[in-house]
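In the two complexes that follow, chain A is the common piece, with chain B as its partner first and chain C second.
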Partner chain A sequence: MSINKPEAKPAVKPGKPWASTPRERALDLGAILLAAVGSFALVALSELKGKLAYAGVFFVLIIVINFIHNYLSRGIASAKDSVASSFAVAGVLVTLLPITSILYAVFERGKTGLKPNLFTTDMKLNGPNDPIDQGGLLHALTGSGIMVGIALIISLPIGILTAIYLTEIKGFFTRPIKFLVQAMSGVPSIVAGLFILSAIVFPITKTPSGLMGGLALAILMIPTVARTSEEVLLLIPADLREAGIALGGTQWRTISQIVVPAAKSGLITAIILGVARVAGETAPLVLVSGGGDVLNLNPTSGPMGSFPFYIWKAFTFGTTESIARAWAGIFVLLVLIFILFFAARLLGGDRNKK
Partner chain B sequence: MSTTAPGAKSANLSTPTPAKREITTKPRFSDKVFRGVATAGGLSSLLLLGLIFVFLAFQGFQVLRSEGLGFITGSNWDVVQDNFGNTDLEASSFGIAAMLIGTVICATIAVIIAVPISVLCALYLTFYAPGFIKRIMVALIDLMAAFPSILFGMWGYFVLMPHAEYWAKLIHKYFEWIPIFKMDVNIFERSPFVAGVVLSTMIIPIVTSISREIFSQTPLDRVQAAYALGATRWAMIKAVVIPYGRSGVVGGAMLGLGRAMGETVAVYTVLNLVYQINWQVLIGAGGNVASMILLKFGEAGPTEIKALMAAGLALFILTLIVNSIANVIVTKTGGKGR
Partner chain C sequence: MNNSEAQGPLDKGNEKMETTTPSSLSSVAANAAAKKKPGSGALGVGLEARGIHAWFGDKMVLKDISLDFWSGTVTALIGPSGCGKSTFIRTLNRMHEFIPGAAMAGDVLLNGKDIYESGTDVTKIRLKVGMVFQKPNPFPSMTIADNVLAGLKLAQLKVQNKDDLLEECLVRAGLWSEVKDRLSAYGGSLSGGQQQRLCIARSLAVRPEILLMDEPCSALDPGSTLKIEETISELSSSMTIIIVTHNMQQAARVSDYTGFFLSDGGPGELVEVGPTSEIFSKPKDVRTENYVTGRFG
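This part shows the complex of A and B:
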């Protein structure tokens, strides 16, 4: 019995035959350069003009160059493939365009309005047309916080109970409820506002208030919370549930003390996503919150300001100063949404990765 | 090691034997309560949707009864007041045909622009993109889906609208022979086309993420079979992915359509509302139910508010139908729906 000693081979780095070689990369770069030069030349020589013309000519040229090159070197199938790739890349670039443009516009136009007074004062003494260093959005910050808080208090139990019904109980209503939750997430935001208006404000309270705003936001928030929680609860392994039942626990104790705690971080993600969903809702708040300009911490009486309403009012006022104010407001709102979003990503981990 | 009878062992210990529990599959009291509460919570979505319908119908009933079918076929919106300053329901006319058709036109334009872009983007992300680009892009697109609509409204008004008007002029110049691109009056500002372009940027994220979800569920064995037969990436997509994902993409497009129809603020800022049915999408005159509600709400009297409630009901039903069909299609194809 001798031990088979493998002969020491010289270490070979595993090759990557699918990776592009330097020559191919140089050719790609050459094609891009050629297309760029060609587009400049064509735009200069012909009647076309404008950025759109450069982009269009460049796109057509790069497709033609790649097509010819691939056709000559590898045949028609490869040439078609190159055209398809060009279109796919173009799709991504066109998608990126609005995102970058929006982020740039908000940053560029919003940064001038970021003064410390923005966070310490309300608009009690100032109109939207006053210089940006007077007045602020304190009332909007607190108002939005209160309304989103109310929405959260209402929608969190309902959303999580819905998710628990869909994942744990699975009764007769599972399919209809799934369908209805999806239908509910498509309810236009203005309809949610009209509903609160018709069901509560007109018959009962007669006046708009922060509470009404919170209720309208809750309607928009429930589907987001329910769907995200459902996805999270589905990821909890069935072993945990079986272990809980096997230890003699009732279903209630198993779910409340094993399944839900195991899904805690995911449920927090659901909350965050729900908050991010409603934080910028404008239309229902214009209808039902009254939109005050003064710091108001009481949700049950008096109009209550909010971020979207602050931006909305400044924007529709339409002067240079007020529009600068609106951009500053949207800058702050977007930063808040960013923070919420990345918190959700960090907590959610690999949930969305496929 | 012999087995010991359970009774013998417990006799050695001084602790008393706990009473035997009943072995049963019958849910205990706590479970019954829990199941009841969870079911009630689950049914709340049904309750809410029902309540929305009932209350909007109740508030809008008066107007709906006096207008009859004219509410959705007429295009006039005239509030006539009698000598006492009250609204005269008989003489007033409320019709939202122009608004409904305008809503559908804007949303359709948005879908026509957004779907090709989104599908190409989803194809790239699923089959072409290297890992890190894919992660960044997916995060960016999800983030874009979370942008508030007022942001799209302001960005659309200040940044996109001038470009969109320029594109409208180009389309008019080269495609005037197509009837919907004809112009009876040369007003390019705030047209349904511009609103459609702004809306398309809003629905690109949702259509992209649904398409991506559907494409990523293409059976791997078929994908690899295609590659093994020597297919290029495009040949594989054409032979495997597109037949598999076609109906899912249609569902995603319809979801985008539903979103676009319900959008309020972003359309309000970039669309000129005119109470007349206008099929020439480049002319600055369009309609949109949600924007009209927002526009009229400020100065509306009690009766007009009721008419707005009825308009809200129409919008609610329209979006509900479109979304439901879309979700059925998407769920059938294996997606999660929205």
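This part shows the complex of A and C:
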């Protein structure tokens, strides 16, 4: 067998033969424009009214136009494919819309209240009618931090150990515990507050405090941490456990040296999800932490403020200044939660670095 | 145990690597006839299985397996899928009991002592009887070096010089030259064959007397398989190796003894065991002959 040597070949350049040609891109753009024009025309001519009508008509038109366009150029399979992608894109837009809308509103209304004094003072000496550059939310910031911290310290070991029991050790109690944890994650937050109120505050301490708030939050946080950790641990392949056992490790050492480190990033996510779950809780804190407008760093005595309480109270006053304060509070809380998520990503993401 | 004193025929294996076509099986087996005789290794008594039965739930999967593993030899266990080979070797280091619903009967004597005797420290058994799994499973959260030394950490063993042990294990597993410049890279960054040799190195670090290998090459390409077989030949001078394999050429190449397992729908049974050369050239049982000549399975 011989191979015919080709004449001097032109240099081969890398390309993307599968990418859309300019003509195809122009046609796609044309389809979108056509749908847009069509939706305006239909809304103008028919009884339909409002922004929703534009969006709805545009969505229907783009599907129909894409379907016809793809059917004519590529056939029925491609046409069906385009309908499915259109629905997927619509789903993404519907999801993103409220989120961006909320972020925009919070940023737009919160920025007027963002003054340096916000982070340095509390509301001890200020009322709802005071200008925005007096008073602040330091008490809410520290209060939320302390109470979430207490909840974290309590629920982190309990939640992760529960998950380890459910996935690694297993036993007679696995099913009932699984059921209870699931049921607990559906408990309304006010119930957690009422439980602490009736089990500890009324019979023992008599007064609300930050510690009580932390306990109430822990009740809400444990099921979130436990369930998410359980899901994460279930993803760790069984052969890693077997390898650890086969190397002469006890079960506990295999779990602590192999399974938990392998699940590290997921477990950190579980913790962050737990924190995010409780950071915005209002109801139990109103009941058991006592609210308060004064900076209080001692969780064992006296009322302690928190973000949700601060926001709720500022809104209920109803004055222009206090509503601006509330928006500023929401803004700061949101930014903190974002920072938390990014930190979790950074901490958890270094696992497979080469 | 001092590995350098344990002498074995180091030359076996290597030159036979080329003769791998099915038609040359019998010539391979003839070479194997020159291999070790029972008890030729000087490494203690070895491992004896006495009347092993195993169940999963109500289903009996192994029936009355009795098999001796002479120290310093390589024994291959062959047979069609589902005949209980893996289950059998998992009874030898007490990994069988990790499967829910598992049960067993019989004795496994390690140096004359039953490993299922009550009061036995099972983690010590698994230190002496190491295991390499079918799928390479390096620990993802650990570097190459940490992976090799993971057993020490897991079993809380102390060693004088970790670096020496690390190098020794990687050399014996045939991986040292490939990874010596990147010991702090993660185990997952290696190729499949390298990962499997890393797992072998990891098993060696706790100095087992016996190494169980459960189809160690079934997920690997031929080149990596060859490297692992070379590793097995090297190791067999200083330890007892029991390897489950679906690859009959591999069994012929690496083993001194071969056991043939078969299940006719019921529990798996040991049809025949003997020197590898005999199993492949003149098996006593017609079922063995049919299997090794490729007529079924």
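Here is the rule we use: the second predicted complex is superposed on the first by the 257 of 354 C-alpha atoms of A that agree within 3 Å, B and C clash if a C-alpha of one lies under 4 Å from a C-alpha of the other, contacts with A are read in each partner's own complex, and residues count from 1 in each chain.
The definition used in the following text is that contacts are C-beta pairs under 8 Å (C-beta built on N, C-alpha and C of every residue); 3 or more make two chains touch, one makes a residue touch a chain.
Just so it is clear, the structure is predicted and the values come from calculations on it, not from any experiment.
Peer 1: Per the contact definition in the header, classify A:237: touching chain B only (first), chain C only (second), both, or neither.
Peer 2: second
Peer 1: Under the stated touch criterion, name the partner, chain B or chain C, that contacts more residues in chain A.
Peer 2: B
Peer 1: When the two structures are overlaid on chain A, which partner does A:253 contact: first (chain B), second (chain C), both, or neither?
Peer 2: A:253 sits against chain B and chain C alike.
Peer 1: Using the superposition on chain A described above, determine whether A:264 touches chain B (first), chain C (second), both, or neither.
Peer 2: second
Peer 1: After superposition on the shared chain, which partner residues are touched by A:123: those of chain B (first), chain C (second), both, or neither?
Peer 2: neither
Peer 1: Quick one: classify A:245 as touching chain B (first), chain C (second), both or neither.
Peer 2: In the superposition, A:245 touches chain C alone.
Peer 1: In the overlaid three-chain picture, which partner chain does A:222 touch, first (chain B) or second (chain C), both, or neither?
Peer 2: In the superposition, A:222 contacts chain B only.
Peer 1: Do any residues of chain A touch both chain B and chain C, and if so, which are they?
Peer 2: After superposing on chain A, chain A residues 248, 250, 253, 352-354 contact both chain B and chain C.
Peer 1: Hey, which residues of chain B end up touching chain A in the complex?
Peer 2: Interface residues on the chain B side: 21, 27-28, 30-31, 33-35, 37-46, 48-49, 51-52, 55-56, 58-59, 116-121, 123-125, 127-129, 135, 137-144, 146-155, 158-160, 166-167, 170, 201, 204, 208, 216, 232-235, 237, 255, 258-259, 261-265, 269, 290, 293-294, 297, 305, 308-309, 312, 315-316, 319-320, 322-324, 327-328, 331, 336-338.
Peer 1: Note which residues of chain A are touching chain B in the complex, please.
Peer 2: 50, 52, 77-78, 80-81, 83-85, 87-92, 94-96, 98-99, 101-102, 105-106, 109, 157-158, 160-162, 164-166, 168-169, 171, 173, 176-177, 179-192, 194-195, 197-199, 202, 219, 222-223, 226-227, 231, 248, 250-253, 255-256, 273, 276-277, 279-283, 286-287, 308, 311-312, 315, 323, 326-327, 330, 333-334, 337-338, 341, 345, 352-354
Peer 1: Quick check on the complex: what are the chain C residues that touch chain A?
Peer 2: Listed in rising order, the residues are 93, 95, 98, 123-124, 126-127, 130-131, 133, 135, 137, 139-142, 150-151, 153-156, 185-186, 188-189, 199, 202-203, 206.
Peer 1: Report the residues of chain A in contact with chain C in the complex, numbered from low to high.
Peer 2: The contact residues of chain A facing chain C are 237, 239-240, 242-250, 253-254, 257-258, 261-262, 264, 351-354.
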